[in-house]
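Labels A, B, C and D are assigned to the chains in the order they are written; within every chain, residues are numbered from 1.
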Amino acid sequence: MAVRVQEADFDPGAELEALAAGNTEIGAVVSFTGLVRGSGGVETMTLEHYPGMTEKALEAIEAEAHERWALQASAIIHRIGPMIPGERIVFVATASRHRGVAFEAAEFLMDYLKTRAPFWKKEVAADGTAKWVDARESDDGAAARWAR
Amino acid sequence: MAVRVQEADFDPGAELEALAAGNTEIGAVVSFTGLVRGSGGVETMTLEHYPGMTEKALEAIEAEAHERWALQASAIIHRIGPMIPGERIVFVATASRHRGVAFEAAEFLMDYLKTRAPFWKKEVAADGTAKWVDARESDDGAAARWAR
Amino acid sequence: MRVLYFAWLRERIGVGSEEVSPPDGVATVADLVAWLKTREPRYAAAFEDTAAIRVALDQEQAEFDDPLTGVREVALFPPVTGG
Amino acid sequence: MRVLYFAWLRERIGVGSEEVSPPDGVATVADLVAWLKTREPRYAAAFEDTAAIRVALDQEQAEFDDPLTGVREVALFPPVTGG
């Protein structure tokens, strides 16, 4: 288990390599990488967060995934600060014996991260217009399917 | 769209990088990496395939995923020949605007690959015992959920 | 008690955090927000639609009717949009 | 007509591929397998449980009752286990 909140970019290949290293019980590794989209004329995207709570929230989400599924390993990385279209924002990865578990747990991590981790996106367009991104109802719906 | 069948290992990080390069419509990239598990005393795993049909089958599976989902890009890599526990066997990746589509399409690719692409696994244990891996009913079940 | 504001709530109120001493009778998050709204027009404007506001108490997700007893840090913010 | 065998079917039959000239009356995949079984004991043994055998005609997934008309390459193999 590992959670990181950082301004710097990260290397998905190195993260995937580290996740599975030395554990030959792992048969399946799933990763999700979120990128800044350039649609709507977005020039920069800034990620604000709640220092202190962010790490706790991500650790709680990760711990819940390990309670629900037989995971061999997992990782969550979320960047903060300014980014441009094409840049990586977020990365989650899960490792398990079989693929069904790895896929489900990775979706769960993203759905919960999207609705429970204190991050806020602000987009600035080429003309200087700034706009806080609205929460998507579809994200609430995606998170609700894991309720129990 | 890209399909490769090869003896050589591959670099998931480089594949992910190439998948999303230059397309800022992509907001979500999902990858699956399958590894050789060492459970049951497996010392080597050999992948046999049907040259000629393999590539066609993988291309058909990938084309069907693009028909069903709005994908910006995808990749399938499958290794053949002998491998040891911990080595990468297979890689699929999908890229789309939103994460739901990328996750679903990646699961679809794996479920169809597992049941429709002509590969066969043979395990050799430390004591020299060789055994062809049996098809798993759960793989048929996973593939069946995409029927339409 | 320290109160933190994030995203557009922080921008509208003009500060990211402040120490406040609410009067007796402010027992829940809802009470606190109602009291903040009485302080200055910018608070009233920022909290106009409380349905759009989420809260954390001592860095744990919470609800508007949760009590403030023993709480040292209250964070108020719009729905999260990371990932 | 070329017939290909894979995995344990290849091992049991002892060859990976061969040219065969089935007699008139061999119209479907099922007919072909039935005819192969009459050739030698190793074929009869390999095809003992045809429920465990899959087929591709000219490199496309097919069924046992599909006709062989115009087919140049028949592949017989156990259920696939890649991925």
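Note that contacts are C-beta pairs under 8 Å (C-beta built on N, C-alpha and C of every residue); 3 or more make two chains touch, one makes a residue touch a chain.
As the structure is a prediction and not an experimental result, all values here were calculated from the model.
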| item | value |
| --- | --- |
| Other chains in touch with both chain B and chain D | none |
| Inter-centroid spacing, chain C versus chain B (mean Cα positions, whole Å) | 48 |
| Interchain centroid distance [CA atoms averaged], chain A/chain B, Å | 23 |
| Rounded Å distance, chain C centre to chain D centre (Cα mean) | 72 |
| Centre distance in Å when chain A and chain C are each reduced to the mean of their C-alpha atoms | 26 |
| Chain A residues counted as touching two or more neighbouring chains | 34, 110 |
| Shared-contact residues (touching 2 or more other chains) in chain C | none |
| Pairs of chains found to touch, sorted by chain label | A-B, A-C, B-D |
| Chain D residues touching chain B - in the complex, by the definition given at the top | 4, 6-8, 56, 59-61, 75, 77-83 |
| Residue ranges of chain A in contact with chain C within the complex | 34, 47-50, 52-53, 56-57, 78, 89-90, 110, 113-122, 132-136 |
| Residues of chain B that touch chain A when the two form their complex | 11-14, 16-17, 20, 22, 24-39, 85-86, 97, 99-100, 102-103, 106-107, 110, 138, 142 |
